[in-house]
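The structure under discussion appears below in the form of structure tokens.
For clarity, chains are labelled A, B, C and D in written order, and residue numbers in each chain start from 1.
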Amino acid sequence: MTRFLSLVFLLRGLLAVFAALLIGSVLILAAGADPLTAYGTLFQGAFLDYWGFATTLQIMSPLLLAGLAVVLPLRAGLFNIGAEGQIYIGALFATVIALYVPGLPGPLHILLCSFAGALGGALWALIPALLKAYRRINEIIVTLLLNFVALHFVSFMVGGPMMEPGAPYPYSPEIPESLFLPHLLPRTDAHAGVLVGVVIALVMFAVFHRGTFGFSLDTVARNPDAARYAGISVERHIIVAFLVAGAIAGLAGTFEVLGHRYRLFHAFSQGYGYDGIVVAFLAGLSPLLAIVSALFLAGLRAGASIMQRAVGIETTVIEAIQGLVILFVAVSLAFRYRATEVGRALRRRQEVERALDAESEERES
Amino acid sequence: QDFRAAVVLPGSITDQSFNQVVYEGLVKAKERLGIEVAFSEKVKQADQVSAMSDYARRGYDVVIGAGGEFTAAAERVARQNPDAMVVVINGAPTEGIATFNYNNPHFGYVLGYVTGRMSETGNAGIVGGQEFKAFLDLVEGFRKGWAAGGATGEAMVTYTDDWDDVAKAKEATLNLINQGADVVMPYLDNGSVGVIQAAEESGIWVAGLFADLGKSVPETNLASTVLDFSEATAQAIQMAHEGTLERKNYEFDVGSKAGYLGTLHSSVPEEVRAEVEAIIAEMQAGTFEM
Amino acid sequence: MTEYKLLLDDISKSFGATRANDRVTLAVRPGSVHAILGENGAGKSTLMNILYGLYRPDSGRILVDGREVEIHSPRDALDAGIGMVHQHFMLVTQLSVVENIVLGMKRLGLQLNLAAHSRALEELSQSFGFDIDPWAEVGKLSVGMQQRVEILKLLYHEADILILDEPTSVLTPGEIGPFFDLLRRLRDAGRTIILITHKLDEVMAIADRVTVMQDGKVKSELSTEEADTDMLAHLMVGREVMVRVRHPNRSPGATMLRLEKISVADARGLPALDVVSIDLRAGEVLGIAGVDGNGQAELARVIAGLVPAQSGRLLLEGVDITGAGVAERLQRFGIAYVPEDRHRDGLVLDASVAQNAVLRRYRSPPFARMGFFRPAMIRDHAQRLADSYSVRMQSVDQPIRFLSGGNQQKVILARELDGEPRVLVVAQPTKGLDVGAIEFVQSEIIAQRDRGVAVLYISTELEHLLDVADRVGVLYRGHLMDVLPAEDASAERVGLLMAGVAPQRAGAA
Amino acid sequence: MDLLNLQTLTDMLGTSLRLSVPLIFAALGGVLSERSGVFNIALEGKILAGAFGAALGAFLFNDPFGGLLVGILFGMLAGSILAVLGVSLGVNQIVTGIAINLFVLGITAFLSRIVFGAQANTLRLPGFKPIDLPGLSSIPVIGPVLFRQDLMVYLMIALAILVFLFLYRTPWGLAVRAVGDNPAAADTAGIPVHGVRYGCVIAAGGLAAMGGSYIVLSQVFLFSEHMSAGKGFIALAAVILGRWHPLGALAACLLFGMFDALQLRLQFNYQDVPHQFFQMLPYLISILALVGLVGKPRPPAAIGRDYRREAK
């Protein structure tokens, strides 16, 4: 019984997905399609199909990086809603280097673009960081507002100075082919950006788990007064956290350009920065779990559009189901095993058993 | 018969505007030709390539991107899938794909001319979602027509930055009206409704571009051209079905089956109607110079 | 008629493996003051939190006036006429004093009439000599002031059963007297009072009966008439306690830390410390007395480097350290600091005991190497500190939040004393400690002094201060009134200085 | 640009007000819920839910009041989800909010296609008519702006004042503020922390929904998919800019509406300047306003934190 219940708890995330899909199937039925086929296609399309899985990986790259850009400042108690804007500025910087700095060997040029992208994101993040550190201005609102500024600025750049001459739509010229990121799966759009994301996640995990810097960030978040007392410069940590996060988000934008889009488009990010927030929180702010949650969300996205195409239901249904899935998964994760009534009951039961064991041992001796 | 056609749409198929019309073209083709069709709506820009290549890989014979913003993606998909026929409706001429286009300056000119002839204040307002080539071409034509029609003021442009925000489109229009515009023209998706409402409430004219507003708001509609993307879409599919579709640009001028002058308001005098007819005839003859 | 106003019957409560209350029974007579004594971590606060509805007991029942009551929340407790002053203040620091006090009161009506309440409050507080501005934001008040707010809140609510969990830990002797008079009046009016304190003379002065707890169990219960402080101390700690450890050092060394005309501004920009000069010598304990809020906090913080000096210089063995940061002062100059507010400054409550034990040195060897922790080192270190300071806890990996107040204080002391400091600034080090622990801490401080450390000992608890200080300075409104040698520092003389009465113009120390 | 022209000024102010009203309703909800310590990133979804409810109600009852009622109900429903998950179950409030936004976006579009079908965009739902306050409305410039508005605008002004009075002049408001700053302390003072949060979050749903209802019942008289168009996020920004104070938030929304209106106008007065620069204007001004305001904004101390008694 105990074991069974523990298993239920362990699998609660999966169960939640099932529950959400179950409710979603009502919508699918209402839309006149067969839920089983629909879901079959979704899963198959996202994870088992060569092309579909490639799409999953391709979507995962910006999601994971944006997620990490949210996780890191949150360790220091700072909320970065601005990954979206940092993605834009990062992509802009990278594209500028890609288009206007000629004559470099490919790999070096890619490196330089990535550096520029990271720098762009970091600089954009520096604004809220400085305002927060030295003026105590709420970083949530500043990062949020800066997203719109970045969006419009990139829109201006690709519609004006950087626009490809004669293009039907605002976008920049294509970057040289030597700058295309290597592909993970041949002939697909799955590019190496996701690998960089995974590596960053692993490094972050190590630093959070064992690094003194991770502890400094934690301390700043948990008790800034104690942090000062411990000799930690709260201001400096706010700035460093934001700079690194901005750089990571900037990389997300860079890899979108170098790995997938090959040009800078107007309004290209479509909310990856905001998706990053979901990734971060579904992962419970753990960089390792962010890999899982980004994969999950990316799969859901990729699979959902494949399912929509294959089964022919309208996107509105899919959107509603995505909301349900996130909602249910979030609920399930909130049930910390130990904090629930069931968990408490189980523990009490174990204690009683231990007491009984102890008694019988006493009697025997 | 296993000919299959797919359309990828940026917006919602119920927007009463571009997306809905293209979608209707797909349905039309299905009925006419008895073929299998599929569509993806609300496809974000980042997913354009994967959506189109997915269809191409799964053996769809023709894959259509709805709108100029698909041009770059379509080009790539065509490169990667040489077998598939990739089409962009309202896209710029591009190598490797078929594009179906309207002579935007001409359509703009015709609308500008009629409304410019009728305007009392001499000012027009155009509400757009974003800046892009097809729109700018149209505006340029409109302005020339507007001046040629004898209007003395300006044709002002405002961008709402959101194709679907009805409330903002309405406010933008009210502002244009307040600046003296007595003719407004929407170039939006869901947002068009807001422009029409503002015109109705302020008792000024609206000019329709895509759909014949003379049918839905006959009182307010001064002039409409019809860019019948549904016909364009259906034609594209039909040509692909027949095997006559080439990877080149097809352009519709005013007065074709897929794009023509719609209803003019009953108060538009005969002489004006005659002038427009003459202009359109010149356009069709290819002798028209703006 | 029932014999007991309140009966806690066979209460047990465990936190994980800790049995914080183990079949505790406590009977309190109506119209009496009942004290609860016990070492740090004995389970006193837990028991009171159960009574107040903050914790749910694992078993046992609560009877008020002979009737069993279900107390599931503080609301139930308040409705049953129970009020409480919490050991860790339960105040909304962002709100004003009067708002805090009326919060949760019943029958406030539709409109909040704060002005009327503030007048009533002022009357009440003046009736026993508390000087409190009802409109002040609580977060801006000193700890001592906050304690007064907690007490006022309880009194203002006119509870029938008053629980006071260490209510006097940062009050001055001058305030405790009138406060106790008030408690006596309340008792005589039929109210029932439960008092938790570590000050044995307070118990003797005011309590009718005493319950002594140890390790979560009731060890004994007796009437104060049959007890004295030594006996209580013995009962509590299980051995003899040397209550006084007075042996001043008559031959201190050279000046270690010199404050030259230091001024510090408070949050509003007003001078909190006004041109203070101090010479602190190696091997001496300089006691700083004063009513809480007269600049002690700023004095400590400016030495530790937590607030900048507005003017003046700080010299350590002649080296100007005015511009040095917190970490530099600790690591390079050996200035250790035990802050007065352990929850605000001293600890990261969500971090483990082990992490808190190295809070100020976690970046340096041997605890970290190349930016990464060496967890084994840290745990061993924490375990060693915990053992030598007999910190009561489950393990060093436990979040320090769950340690009792006294044990948290021990961790801080252990951490700061361990680094072989040259200067030791301790603020309110004995606050909340039991007598055994106080004895231990004071002897540790004396030991540091004898090692040649310069100690600045800030406390509002005058008798403890006089026990260890070699010299006593008194702060009043940011001025250093006078510095007296230990033998001249009688409670009366210091008390006068604390009230701002200067016998003669005092020079710098 | 001739801003000095009185008519132009009146129109500008009118546009500003109309663009601000939905924001203000939502921001008032945001203030209430965040003051009780619950993050409300779900404002966007609640506006949309309210808009759909209003359209549905007006469609079914053929009456704007019916619409408003159903709209509020839908918003409170969305609020209840946030309350149950974010307050009772302790699910992270931000994830919950984002999930609610996504879900509402999908489900309203889905249902709107079922209910309104193809006529969704051509429908003219019954709406509120402007009420002229005689005398007052003929004051130049501000008269038509302030006193020739419909019921919803007057309701909004009343609600802003009510929320202010509630928060700062009543014992319940004190309780809300205490819960948002220090739930543990509020709890020990006998305040039902979860109860207070439930009340605030559900009321916030109703308020934000009124913003959505305004768009439908007073502005465009139809429902279109995703018609909230990011207003919830702007309202959220206004809550912060207004420092969690109902009147501050109101002022912030007005500021925002004003610069949005100005932006629309500047665009065609300066057709040579890239329009994106004007579009950035409201956001840049808000940032500048934040920087320029003196004193530190102080968010409710316990915002976003789950409160559980024994987890102390």
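Convention: a residue touches a chain if its C-beta (ideal position, glycine included) is under 8 Å from a C-beta of that chain, and two chains touch if they have at least 3 such contacts.
Keep in mind that what you see is a predicted model, and the values were worked out from it rather than measured.
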| item | value |
| --- | --- |
| Pair with more cross-chain C-beta pairs in contact, given A-D and C-D | A-D |
| Centre-to-centre distance between chain D and chain A (centres being mean Cα positions), rounded to whole Å | 28 |
| Distance from chain D to chain C - Cα centre to Cα centre, in angstrom | 46 |
| Rounded Å distance, chain B centre to chain D centre (Cα mean) | 35 |
| Chain B and chain C, separation of their C-alpha mean positions in angstrom | 76 |
| Where chain D touches two or more other chains, by residue | 109, 113, 225, 279 |
| Numbers and ranges of chain C residues touching at least 2 other chains | none |
| Where chain B touches two or more other chains at once, by residue number | 12, 131, 161 |
| Chain-chain contacts as defined at top | A-B, A-C, A-D, B-D, C-D |
| In the complex, chain D residues that touch chain B | 7-8, 11, 14-15, 18-19, 22, 109, 113, 118, 120-122, 215, 219-222, 224-227, 229-230, 260-261, 264-265, 267-268, 271, 275, 279 |
| Contacting residues of chain C [partner chain D, same complex] | 52, 54-56, 73-75, 77-79, 84, 86, 90-95, 99-100, 102-105, 108-112, 401 |
| Interfacial residue positions of chain D with respect to chain C in the complex | 169-171, 173-175, 177-178, 181-182, 184-192, 298, 301, 309-310, 312 |
| Touching residues on chain D, where the partner in the complex is chain A | 81, 85, 89-92, 94-96, 98-107, 109-110, 113-114, 225, 233, 236-237, 240-241, 274, 276-277, 279-280, 283-284, 286-287, 290-291, 296-297, 299, 308, 311 |
| Touch list for chain A against partner chain D, complex | 27, 30-31, 131, 135-138, 140-142, 144-146, 148-149, 152-153, 155-156, 159-160, 274, 277-278, 281-282, 314-324, 326-327, 330-331, 333-335, 339 |
